[in-house]
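Chain nomenclature is as follows: A, B, C and D, assigned in order of appearance, with residue numbering initiated at 1 for each chain independently.
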């Protein structure tokens, strides 16, 4: 390495020291302990309410995105790039949003996205979320960076399928141990997050000097979590991901592996070739690469490349029943929500999360009726109208 | 039905109880009793003035729309998607906006849209509106959810054609009775609202806890109205609509039946095939499905599918004489106004509604002159300029 | 005429009485008497300054436009629909904006648009403007609705060409008298305003109850001006214009006749066929038909239809030297300014108008240099870049 | 020259007198003397902070642009016209941004743009900047209008390549002297600014009555700088540039000559034909011709015309690592930053400039990783996604 090359390496060798010190100044972290059903008008309101109960650093971490926040804004706005044409005289009432995946029946195509550190929102953390998701007849995706042990989350959500979102260790022994544990707890699929091989440029976290205040027991073999910034946490996990990692996880676990973070046909095909059992279209909720396309704008071309060979899951920017509808009509099989559920968790604990799922289901039901669709299959067969203007 | 399927049913079994109680807390409802002509600059001003005199719940119900209010905003903005090219040296003055439909002469192509519950705006309610519409030489469309008996409205509006907007009962006997009554009062057409088989996601009503404070005598055989929310009212009417309903009404009444809520060529053709005597292009004033196209953006393709086989009526977002002009030039035969007339009713009773019609006629007259069109037929033959930008 | 037809006639029989009374309440009108050079940064500033010195009714009349003010806003914004590509190494300095029309040399392609009632802005009125325009080496277009006699204006502007903007009387005898007077004073062309056969929907004037406070001596044979609204003034002039009127003026006067208000190739061809000696592309500064295209967006297609057979003049929305450049590069031979000059008149009298012309010339000179154009002909041969986005 | 032609000449014969007097009223100019590293979240913040420490006239000169500031705003917004598609499973970590030009190794493709008068931002002026740029392993482009002697700047930045931005004198003897001096100090390339043959319409400077408070020693043989406006300074330099000037500089200096200000394929080809050794795509940071295209929107077509025959440098609107990435992916070989570095200079002196370069490198590194690019060559081979909407 020449002098010049050394210069370009951005080193963070002293980061852990600084972070632990910043952490010392902000503990104890006082998360909400609310547990009650919520009367939800819309989830934008919910975000405003949640901001009042989540400590500032935690709220910044949950709510914000990368850089200029352009892509995160596009995520929501882009749903207006396609329009649902209302249909009449379709002989429908009480549309049915039941669906299934990998042989599991689901009450709704709306599932729980993997989100790190639910403990930032509510002391009851992931188990409360998992319980609500199970009561909603949906899928809980458990994050590697959960604040509670896998077994505790899994048991709280018994009765409904659970998936595991995997941030790999640089040590394959640790990876095997983590996969063993999750398999022992009955997970039905592994979700490999491939779009976060470095921390996104999250300015809110920098402004708040945010470090994680709570432990991450699932990955404790390679990462304590407590007192570390997101950059540090990502830095401790495996950053050099390749098709071989997909092959490794699929072959070792015997489970379907979603590659999460796909926004191009090329990456969909590479993922499929490496043995992916599912494709997850997302831009990480606008938290990683600003200046890239809205996730929804990428969905259709990815789904066309996948060509129904494996299931497609979509997330990023989903705030409305109509967004769920549009994602399904653009090629998604399931649609995941993240932040809205976490806001529900902050404001109402497990019952709050359940209220959020009920709210989304209710909005979706209205849209299905007005769009003349009786089933999820009908939604998938719906042709949206292209909006050339906005 | 599995447990999972049951879960997805959004039930409102206790809704009526809650609603009656909310109602008890907000009666008596004090509507305006104004009766005077209005000096109108534009109908946006009128809305601001009306907000001051209509009780909050009533104003929220009248003015607002579904979800993010994106589509309702698009309804108005979309008129700028097509542009009127001014024409010169066309040898015109005092253009004539006379037209006719089903053998009835009209002083203007601007008619009254069906709007529920005029009593929210003015104690004089629908009879006052009907009187003004008749004096304006136009058509009154009487809503099923009117606050006054059909006969009273009809008599107040004698001398001009009246149409009846039908929300069907789940009981065909009741439907026949209602049709018998309206025919006995001389209606010239039935307007079947097909885009409201479930209540739209109207957040203003939820925020206000709005329930209807006044009775709905026309449909009292299946729905009292008083103390019920819009969702409840829609829930009491027939929600499973199909082409057979069009056939039934047409054959039982012997009147032309408009299918209202058509925004696609497909639905236009299905409606025609089921015996529709007219097509009504609307998105219910942006009150039903948010995330769908502006009504005006749908008009031309629907009109082309209808191909002059039956009349096309347009509403949704009409706030200007130029909007009327553009709708006529895009395939409408008549253009209906709703909210602006209701605001006129609130501020000036029957004379207020008359002032609103005069104002629209005056704006249309100016536009006709500057666009070089002497008659409604000239407007229909005008080619608008496509605006690719906004 | 049937009852219904009568109803649609919007009559203003009592308008004059109301107007005279409104007038009585607002006289005397105190216009500025300023006479000084202005230090101009841009003409948007100038408008803000002018608002402080022009009485409210006068300012509303001068500054505002029709309806929602959408088209008036588009007039300015539309210049960004085409972009000037900077050019380098073109071996230029001190570009020359000299040009000529009908054999008259001009120091600049920027001329004075016809504007009614300069007396609203400055007591010195049209003679002050004419003097400054002459000193600027440009053309003064005198409005029929000027507040000073033709001869007085004409003499003040001696030494530079003058054109006459004609609002015809309904009486051809009067028309001949007016043309005789203007010819006697040496006008070089007649500008027939064809886009104002009815008053535009100018809401600011309605809000202000604006009536003209000053006389209109040029047309006093058919219109006093004093105490009348714009609608009334237009109503007194001839509203039924046709190609025959162009023929009449051209043949009676022997002068080139511009048809003003052309925004379509069709109208350009009709005008040429009727003997027009020039085409004036404008939408009357956004004061007549709201919801129509920006004038600049119409320019290129009109110019292509005219195909250099006669000169093309452009106005509407010109606020920058770059706007002048873009209009010339899109087919205009001359570019007229209106409101900016009137604001200069209000703030600085004749010297203020001169300052405005100097300012525009200076901005144009900079643009010419940076665009690599040495002459007006170079500008006309410049290909602008289409901006598909805004 | 006719009377009319004389009139169109905008003369500034008394400008120098006025300017010196304005200058007398504003001296002494108190620039920052800060010297410290900066903790940078983003460079938009930096601008806000810098405004607080740079005297008003200096800040206006540095920050602002031409006319309506439309093009300057487009410069930044236009980066969203093309989108970076995130890539996954690309087997990458710690991407390497090393590159080279004319045989010089660089730690990064991000270089220092020529900016006049660094002394406005910090008393340490250009030597401080040059030192930081050298420490960053990048290229310093020294402006003709620097506030320090060439030798002083050059020595401060020893160890890294330096280029010289040339505003020519009208006297070729002086030009030879200046080239001799810069060559003697080891410059590797000459950058001929060709888009500033007249001062842009910079309204902030006019509002502030800004004149340069500090000397310009490099060009002192033809221009003192002190007490002069930008217009005056440009007026003293050679304004009639042509391909012969490129030929002269190239042949006299024997160095590669960049033509700076190219936004069209035509000008690229003309420059190449005249012997240019590099093409610099820029619109002078939006400071010269308002109403022209964003520089980034021009880049791809220019780069295609250049067709790798010579290097392409890009500047204008670069505020983010993703902007650097997008410019490289659109045909640039190097990307220059201007204002952000000057703000760093104001706030932190040499260390501040270094912090700005570190910050840009860090943002670029994140983007490279998330876009799946390991090297600058990988970036150049990346296909961006066209964004048709904004």
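One rule holds for everything that comes next: a residue touches a chain if its C-beta (ideal position, glycine included) is under 8 Å from a C-beta of that chain, and two chains touch if they have at least 3 such contacts.
Labels paired with UniProt names: A, B, C, D = L-lactate oxidase.
Everything quoted here is computed from the prediction, not taken from an experiment.
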Margin query: I want to confirm something about chain C (L-lactate oxidase) and chain D (L-lactate oxidase). Since they are copies of the same sequence, is their interface symmetric in residue numbering (over half shared, so same) or not (under half, so different)?
Written below: different
Item checked: When chain B (L-lactate oxidase) is superposed on chain C (L-lactate oxidase) by its C-alpha atoms, the rotation angle in degrees, nearest 5 -> 90
Check: So how far apart, in whole Å, are chain A (L-lactate oxidase) and chain D (L-lactate oxidase) when each is placed at the average of its C-alpha atoms?
Finding: 42
Note to self: Can you work out the whole-Å distance between the CA centroids of chain A (L-lactate oxidase) and chain C (L-lactate oxidase)?
What the structure shows: 60
Next item on the list: Would you please write down the residue numbers of chain B (L-lactate oxidase) that are in contact with two or more other chains?
Entry: 388-389
Item checked: Interchain contacts (touch definition) - all pairs -> A-B, A-D, B-C, C-D
Margin query: Under the definition above, what is the set of chain D (L-lactate oxidase) residues touching chain A (L-lactate oxidase) in their complex?
Written below: 41-42, 79-80, 83-94, 96-98, 105-108, 136-137, 320-323, 325-326, 358, 361-363, 365-367, 369-371, 385, 387-389
Margin query: Which stretch or stretches of chain B (L-lactate oxidase) touch chain A (L-lactate oxidase) in the complex?
Written below: 2-5, 7-10, 67-68, 70, 81, 194-195, 197-201, 203, 206-207, 239-243, 245-246, 259, 261-264, 266-267, 270-271, 274, 283, 288-293, 298, 388-390
